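Multiple structures follow.
Heads up, the next two complexes both have chain A, just with different partners, chain B and then chain C.
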Partner chain A sequence: MDLASALAATGADDVSDPSDFPESFGVLRTLDRTLRCPICKDLFNAPVLLATCGHSFCSLCIREALKEGEKKECSACRVPTQESSIKKNIGLEESVEAYKVARAIVLSFANDVVSRKRRREETVNGMDETPRPKRVKRESSDQVMQILDLDDERTEESEDSEVEMVENSKALVHCPICTRKVPANRINAHIDEACPEEQLPGDKGKGKAQWAMLLGGPGGKKSAKGGRKGSGKERDRSSSPPPRPLAKVSYHTLSNKQVKGLLLDQGLPEAGDRKQWEQRHAQWITMYNANLDSSKPKAVELLRRDLDRWERLRVRDEKEKEARVSRVDSKGYEKSQDDHFAKLIAQARASAKGNPNVIKQGATSDKPIEISSDVEMEPETTARGGAQLIPPES
Partner chain B sequence: MDTLHTNSMSLREPALKSAQEPSSNKQAAGSVTKRLGNELMGLMMSSSPGISAFPKSDANLFDWVGTIEGVAGTVYEDLKYKISIHFPSNYPFVAPVIRFETPCYHPNVDLHGNICLDILKDKWSAVYSVTTILLSLQSLLGEPNNDSPLNTEAADLWSNQEEFKEQVLRHYQPIAADD
Partner chain C sequence: MLGGSKKTQSSTALRRLMTEYKQLTTNGAPDGMFTAGPVSEDNFFEWEALIQGPEGTPFEGGVFLARLTFPTDYPLSPFKMKFDPPLFHPNIYANGEVCISILHTPGDDPHMYELSSERWSPVQSVEKVLLSVISMLAEPNLESGANIDCCKLYRDNREEYERRVRKMIEEQLEVLE
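Here is the complex of A and B:
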């Protein structure tokens, strides 16, 4: 099994890593690493800062770490901390959002430089070069140039080539929020506009719609906001006030009915037993509050689906754990070690016959000491200890 | 918890190429599998000498097999140990379960392969990874903590390196070729 199939099999084939960048671009690897959460190793998602030490994590990552960990401390430096020290890191979030878009471009650029260099070396070495791959490579570098051009000058002409480019390279990326496919060069605007429907590449009138969104989108939003007084937060266009974080609950003071009520309040399922209710509600609070640290929070429905997935994984894990425990049960071990035990018992009996003092003197006689030193050397103590006890009884 | 981390866009080149294909399984990948995928990639790309790890089967990313080679200059030099790694569903917030599969005569390893290492117990931190664990185990081989032994005899014998090495070799079994 190779790396790709291992990743593909688990559906984790879209992982990115600093090592995506060619080795000769070490600075880009470093840059990539600094924009990743040290816990999930992914690019920061809703990054937060611990006011107690200054380390940054994804909001959900550090919240989970504080919840699951035995001690409330920074995962990176072990400085004691608590959830109230979690602060939004808006600057970092903006950097990461911008970097996500830039990464694709820089990556293909870097790869292109490397492959050009390699080709040049191959030609120097007198290797026969087929023209075909060369053309392909050149095309891909042209695409990069196009992408870069597009960011600078958005003319009618470049719009045509944009459609072409998108069709050729299929440069579509998944929006991290609505998970719809969006052209790579649209992704920033798409996110800024709270995920509008995107015209698929190749659609007639796509350019116009895009321009309308680019120009009209923010303006329309502004005027809509002007109607509401005061609220400076850019959440969605609903008129409700910005949601507040949920408070933690100490469940042991509550009755079953009250815990159920908590679940109902949040629109969560009430399946399972009391332990599951509490775990579900506690996890919901963590996920909900982490979501609020994002400048573009997910819809609550999506969050509920995440919670459901989390719970299913938990259940699967518990089942596996049970299976594991039953796999190493003592009966199975006893059976598999049957002849070993039998041998030991026979040995012990023989030695007990040879030296009747064993029963009375126990540890002080020669033979048991021999055995016990053997035990010390190979501390399968429980099994062997059990076998040793038999001769005095029989 | 699941998809919050799957959010990073699939902007890598291979992903760009397949961007038009349906991506249902990507949605199904949880943050745990995502992180494990990340770790796997990091392990493969960074060539740390003497350590390696890979999932047991492509059906399950939660059970890995790893190898650790003894560092030159220690009694474990040239010996290759197989270890098993099991990741809980709340990894990396909880440490993975690690055991020596190759019998290892060592003060902090019992005869079932259980390991006594603080970073796998109370000193675990979510920022640690398979790579950090394997490197820690590699250095633990050469520098045992004799104050909290699991194998007291080995701890007592440590001061006599020649005899210790004899014991190490007596217990050692080379990894089978088909592993």
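Here is the complex of A and C:
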């Protein structure tokens, strides 16, 4: 199994879940849970709402779920629904995008509080000889951690955090008023002085890159946040019409040539057989439409690559499935159960003739037969089984 | 991460399984009734679960090993659950496979008894299924029997049923020792 590449593709190290928050911060776990798709359990990605019931999912998750199921229903509450009830949930998307940024900060804050508390308890217990444990549950960025070591926190543990203090003074925070970056130790003064230009310490390297990623720093900020506000969409509208969702196709009315034409229209490969073409095209529609529900949709090229990966995995799965099915020895099983089947058939025939005596014997013989035991439990099955059996008790 | 996450079917499955595993390891199961996790870190699609026999039932005192096999389109499709060694229980096939409505998709109904509201849906999880299985151990569902002899015994001769269950647990524990 190609797990290593699959892991790499998912960015396995950023798997997160509500239990990242310490147990004592149950409210944060609850908050975290509410911002996750109930299907993939990830933070919402291009969230949509089902107009029929009001539940929210990632667009791709619910689209795939609706495609898969025979009954089209909400995965959460099973209220019948259909693709046309999928509506963008813009407010939720904005909340989630904002939360993603806040999460890292709040998480390290919560973990920090917990580890400080633990440390203090250890000191109280006279265990201060033991080396201070490194903070275990650190979030990805040290810098984030340092931000939270704000003044009030620091005074609490003045002796053992001198090193941290030095580091802290270098950490940058965004001023909530002017949104410029300000050294953490200057933030209060900065606000008091009505946001003057700040001399930034020469912070460089890893931390900076992480910041850019986390808070959408210079460069990152424009692309990420600008897009989120929907301005990207508006730009699109002014230059070219916004992309429209693709309509579903009922392939069985189409000729091979027409199906191929559909693939060509979308710039998709025409490899494989008819079944594969249809699956490829249907999946493309799902992925394409889900992508449109995002306020910062991926480039179509990237989407094609996703489709390609989906297809390769699917082919592999199907091969595995076939291999598994062929391992089951159904012929052998039939043979070994021949006697049993013959008995059941005879019994059913007899009962069809309406001769209750035969059945009574069958059902009460020492060797119970499955049909009869079934019948004893649930008399109404008899109609479905085609055998008019009378439960021996009656 | 701020960037749009990459999602294809199988990577969704993988991420979901990793999330569930993570959550089960950090939170643990309610009342420590079970543990579950991948057999090896190389393959997140094969899990093992250890389930404690629920108290106040003939299964009390037993610890049961089950294998969970996840499809690559998980959670759209449910996983399969198989006790190894098999358990003597009305809803468990002779090969150990568990027959429970929460692991059946609405389209797949071997017994035609199950309400679709009890079926698998992508919002279900390993934790919810294992809790259902534990309650199934305590209260067999005779309407969708998988082991007919066991169903009959359960209905007609509860004492003998309980005796056989306990005997099975003893035997299994001996094997473990």
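Criterion: the second predicted complex is superposed on the first by the 208 of 394 C-alpha atoms of A that agree within 3 Å, B and C clash if a C-alpha of one lies under 4 Å from a C-alpha of the other, contacts with A are read in each partner's own complex, and residues count from 1 in each chain.
In this text, contacts are C-beta pairs under 8 Å (C-beta built on N, C-alpha and C of every residue); 3 or more make two chains touch, one makes a residue touch a chain.
Everything quoted here is computed from the prediction, not taken from an experiment.
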| item | value |
| --- | --- |
| Chain B versus chain C as contact partner of A:L313, first or second or both or neither | both |
| Chain B versus chain C as contact partner of A:N125, first or second or both or neither | neither |
| Touched chain A residues, chain B compared with chain C | B |
| Touching partner for A:S84 - first (chain B), second (chain C), both, neither | neither |
| Chain B versus chain C as contact partner of A:N45, first or second or both or neither | both |
| Which superposed partner A:A76 touches (first chain B, second chain C, both, neither) | both |
| Partner chain in contact with A:T253 - chain B first, chain C second, else both or neither | neither |
| Contacts of A:C61 with chain B and chain C, given as first, second, both or neither | both |
| Partner chain(s) touched by A:I187 [first = chain B, second = chain C, both, neither] | first |
| Partner chain(s) touched by A:S19 [first = chain B, second = chain C, both, neither] | both |
| Chain A positions touched by chain B in one structure and by chain C in the second | 1, 3, 6-7, 9-12, 14-17, 19-20, 38-42, 45-46, 58, 60-61, 64-65, 68-70, 75-76, 78, 100-101, 298, 306, 309-310, 313-314, 317, 376-378 |
| Contacting residues of chain A [partner chain B, same complex] | 1, 3, 5-7, 9-17, 19-20, 38-43, 45-46, 58, 60-61, 64-65, 67-70, 75-76, 78, 100-101, 103-104, 107-108, 111, 169-177, 179, 181, 184, 187, 283, 286-287, 290-291, 298, 302, 305-307, 309-310, 313-314, 316-317, 321, 376-380 |
| Of all residues in chain B, those that touch chain A in their complex | 1-17, 19-20, 23, 25-42, 44-46, 54-55, 57-59, 61, 88-90, 92-94, 110-112, 122, 124-127, 129, 150-153 |
| Touching residues (chain side chain C, partner chain A) in the complex | 1-2, 4-12, 14-16, 18-20, 22-23, 26-27, 42-45, 71-73, 75-77, 105-107, 112, 116-117, 121-123, 125, 142-143, 145, 148-149, 151-152, 155 |
| Chain C contact footprint on chain A (complex, rising order) | 1, 3, 6-7, 9-12, 14-20, 38-42, 45-46, 58, 60-61, 64-65, 68-71, 73, 75-76, 78, 97, 100-101, 213-214, 216, 220, 224, 294, 296, 298, 306, 309-310, 313-314, 317, 368, 370, 373-374, 376-378, 384 |
